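Two complexes are shown next, each including subunit A; its partner changes from subunit B in the first to subunit C in the second.
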Partner chain A sequence: MDNNPAMKTLDSAVEKYGGKKEALLSIMHEIQKAQGSISEDSARYLSQKLDIPVSQVFSAATFYRAFSTEPRGKHHIKVCTGTSCYLRASEKIFERIGRELNIAGEGASEDGEFSVEKVRCMGCCNAGPVMAIDEQICEDVSAGKIPDLPKQEIIGEMTHRKATTVIKKYREDK
Partner chain B sequence: MPQLTIDGKQITAPVGATILQVARENGIDIPTFCHHEALEPWGACRLCIVEVDEGSRTRLVTSCNFPVKEGLAVTTKNKSIIAIRKMIIELLLTRCPNAQAVRQMADKLGVTGTRFPIENEFCILCGMCVRVCKEIVGAQAISFASRGGNKKVASPFFKRSGDCIGCGACVYVCPTQCITMNDVTEATDVYAEGTEQVGYARVMNNWRTRLPLKVCKSCGNPIAPEFQLQVLGKKAGLAPDALDLCQGCKE
Partner chain C sequence: MRISTAADLERLKQEGHKQLHPDTVRIMVGTATCCLARGAGKVIKAIEREAAAQKFACTIVPVGCIGLCHQEPTVEVIQPGKPRIAYGPVTVEDVPEFIKALAAGGVDKKRALFRSEQEYSLFAAEPYRYAQGAVADDLKEIPAYSDVPFYKKQVKICLRNAGTINPESIEEYIAMGGYAALAKAVTQMTPEQVIHEVTKSNLRGRGGGGFSTGKKWTECRKAPGGQRYVLCNVSEGDPGIGMHKSLLESDPHTVLEGLIIGGYAIGAAQGYIYISSGYPLGLKRLQKAIEQAAAYGLLGTNILGSGFNFTVTIKEGGGAYVCGESTALMAGLEGRIGEPRPKYIHTAVKGLWDSPSDLNNVETWANVPVIIGKGADWFSGIGTGSSKGTKVIGISGSVKTPCLVEVPMGTLFKEIFNEMGGGVPAKRKLKAFQTGGPSGGVLPARMLSLNLDYEEMGKAGTNLGSGGFIAIDDRACMVDIARFFTQFLLEESCGKCVPCREGVKRLLQLINNFTIGIGTEEHLTLIKELAFAMEKASLCDLGKTAPSVVQYAIKYFKDEFEAHMQGQCPAGVCKDLILYSIDAKLCTACGACIRACPVNAISGDPGSAPTLDMKKCIKCGACKEVCDVEAITT
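After this line comes the complex of A and B, so read on.
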């Protein structure tokens, strides 16, 4: 057994599901949550522990949106670029966020606080353009609004409260 | 045994057979791009679509994984089937304009060019390499990576695969010949401290994997990848020295 704390997380995730192969995805969810990614080391370790070829872990880790092989930030931002949001200029939102947080394209910021990713249709086109910060969906975002909100406010408030209220409040204040 | 018709021809088919199997046995040609007799049906390329009439309505299905049923009426060619197949091959031609197998299929289906901006891939993502490695070889050394437009076949993390036995089944099965391997007589490992000669080795170029070849104890010629002989010998329950000689020296 490994004494490395990262490996301990893996061990406890595996144990939680009784070391069952069929639980691979559930175990991967736990790891993604705890470590912000399914790293190569984690994938290889998991493959050994569960006796699954590493190719299968790799395939799952790159197939599902829920996982990422690159580290994600503490706060993960998803910008919808599905058809409907795309038509409402969500690419601009994506660009803007990148500029604000100093992230080029998809990926994480240097300090590891934020990461940003494009996703396809989050299932609420009527409220678009939408984005999500961690699990919190922010409706009716527009690129112009983003930079004016101080970073802490975007992240702090939006993650704890409904983002729309933050934006609305911001609008009212103006 | 189910009775059905394919393009109007009365056929009695074995239970559990697919439309594709039955059609081919009866000399009816259906184009395919992801089907291989030795592998489980996959249903990915959609080139093999046919129309089935089950009495109440007709619908388009992939013939490679659709089991025959009593009373089924199958049409393998009509206007909409041809149009769909042409569209599929046009898209493949867009992705892989230089792959011979794709060009041949395009010729066969009467598609002469593409209306879309071309790329220069060779892999058509038929998955045969991944499937042969899993179903026949049992190594599961490679898999699909990513999804959508970024999907590719790869070794884990695009690095050396520790599970690949260098059997070449994936090379053999690939319809577009985009997987390559070669045997070298003098492989060299390069370290910061210097280099080390490895001797005979097999290189699986796509999987970034190199396997030292075992040499015959008697004549010194390379036999096969050492790791492959270990794995196969273990599977077959052979004595550890059973594979020490090449075929020539054994006889």
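After this line comes the complex of A and C, so read on.
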């Protein structure tokens, strides 16, 4: 098991925090970042390494929103559903993305290309509704813009247009 | 270099001063997350490129947020000998023209917002003047900072350095009088004197509770035990707030300095900052601040030669609303899931690892250096009878100009909303406003005459919370708002105690009766009974305040609940109660709705109003959104 590359990430994360039990969340953040989820194998291995019950690892993985037990897609989309964005119809954006990518609710598409998640406030209430694709924040999104993006302006590294062409191309390939 | 005396600090201050006011042009670009979302990162690159191309010598500095979120990306420029001028929005396309104007030694009047003759500084005896003498004639048409309505009523304590200093430079923070309060506290004051000063200032918790900070500190200092801790909570999982994030991203050192002073006052050698996982930039800047402070010996052993030792560790949270509750947060710090415990014994006595612990919100900590530096009397001169100082407010929702402001306690919501937020957008009507997040309340528009004060707001049925102000216009359905917050709490309830876990679930069921049109008076009575039980029996404040938004929605917007009983949703939000239709009289046959419909339910020939197939319609509202003439009705 120790030769498995996935478990090596785990080992280094545990080592980084000196194998302390109270660093469980910090270690899990590292694993989530590196592997995209806290898998059952990781949870079991971690419980052995830190000498805590596997249920404790699993409860933390399911309790906190920052962790997921299901693998995330290659591109992870976060849709802000904070109050301000909700009032600006972010729920419709979420539904629309789901429909375009054929994902029911939160989760990943069948081929693992995309996953979508609702998040709480992303702290850009003034620019809402916002969503993020692979940590790049797109401001002032709307459900209508998801499939064919009329807006031309460039925002940050990721444009609305780019974001939507990625999605659109994916749909056409299917 | 290690700072071990006040004289060392003074030397560093001079150095920082040179950085803040260089001989070349200093271009400051706002780079908080909100600015970056609007493209500030690209603007910096474009400025660098353009300055090199035009051989224009300048220093480009990332700074925090100046609060004018609707003008982002914002850029401020200090040309030696001239007033500091703020510009916005400066987009990538604007940069060549903008730099050309600056390189010629002039001003880009087209994008100029306002000018400042002197630096905004709380600590300087004589504020630094950017320009000497009278204002040049050609600059007079640019409004002065003191005349800009947006800033007129603001008093900046926590955000005093936001937009002026590079948040990643400790020297610039020191130049603005930073860490002088720490030096004063550890070398000239006893811990008791520090606590006395904070108590006298009447500073109260800025996270929502409003508990006296001084009292909390006193209790924690007096609690028996050896090891004790000071903790900082950076808004964990609250929806609708960007201000804590902005504060941390704009000036992390003020939070850190406050925490170190708190550690000294309480007698703690270790501090923890618990920061939500969704704040990567704030986390990065805070990390840097800690490294810099440690390198100068402002953290570590024998701080400023006083014999006081203190270290700070950052802990990244997992994104759980309940972790805003003190005992849940401490459970999170210990590496467990964030379940609260009963607080028969205060956390000030038995908190983190059963040691006395003091937990304050990030904004509360940011106030501390100013209270110590300027004195309690100065601080308590601002605000109302029982609420002192200022509050950072994030204004969002249905406003013309979303922004971030810091206003004195006692400011009227009307002023905040109209003068800073710019009022409601055209064609809309303000229906309600929300403060205090899911544990707060919704208040009708007429209550805008309320002022920012812990007691007044409590009486009106809401709380200050962490300072989000969300304007709700006539497009929103209040039953749906009640449902939204209850749904949020359902997902965030930790599930430990029955009144909250089951109560929130039943509450949501009851509200859902209204959203599908089968609600009755009896259901309203049941909500009232349930709310009473939850308030009395829940373990922590999450459960106790969970029915709050619903109750106030019923109290102030009973007519909307009654309409839902009749099977109508006046705002056209609740899907089960609405049918879309196209008003042929208003329709211009532009075809936008046909293209927008994801399920091809709308069809028609060019030149005439299209028809909507109700069998196919999924009520997603995409057609309504794209219709320019509001011909799609519900």
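One rule holds for everything that comes next: the second predicted complex is superposed on the first by the 148 of 174 C-alpha atoms of A that agree within 3 Å, B and C clash if a C-alpha of one lies under 4 Å from a C-alpha of the other, contacts with A are read in each partner's own complex, and residues count from 1 in each chain.
Assume a contact is a pair of C-beta atoms (placed from the backbone, for glycine too) under 8 Å apart; a residue touches a chain by one contact, two chains touch by 3 or more.
Just so it is clear, the structure is predicted and the values come from calculations on it, not from any experiment.
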item: Clash or fit (per the criteria above) of subunit B with subunit C on subunit A; value: clash
item: Touching partner for A:34 - first (subunit B), second (subunit C), both, neither; value: neither
item: Comparing the two partners subunit B and subunit C, which touches a greater set of residues in subunit A; value: C
item: Partner chain(s) touched by A:6 [first = subunit B, second = subunit C, both, neither]; value: neither
item: First (subunit B), second (subunit C), both or neither touched by A:43; value: first
item: Which of subunit B and subunit C A:124 touches, first, second, both or neither; value: second
item: First (subunit B), second (subunit C), both or neither touched by A:67; value: second
item: Which superposed partner A:58 touches (first subunit B, second subunit C, both, neither); value: first
item: Footprint overlap on subunit A, where subunit B in one structure and subunit C in the other make contact; value: 56, 59, 63
item: Residues of subunit A defined as touching subunit B within the complex; value: 40, 43-44, 53-59, 62-63, 69
item: Of subunit B, residues touching subunit A in the complex; value: 139-147, 154-157, 161-163
item: Residues of subunit C that touch subunit A when the two form their complex; value: 33-34, 36-39, 41-42, 69-70, 72, 91-92, 237-242, 245-246, 277-280, 315-321, 332-338, 394, 396-398, 402-404, 434, 437, 468, 470, 472, 476, 484-485, 494, 595-596, 598, 620-622, 625-626
item: List of subunit A residues in touch with subunit C within their complex; value: 20-26, 28-29, 56, 59-60, 63-67, 81-84, 86-87, 89, 92, 95-96, 99-100, 119-128, 130, 135, 137-139, 142-144, 147-148, 153-157
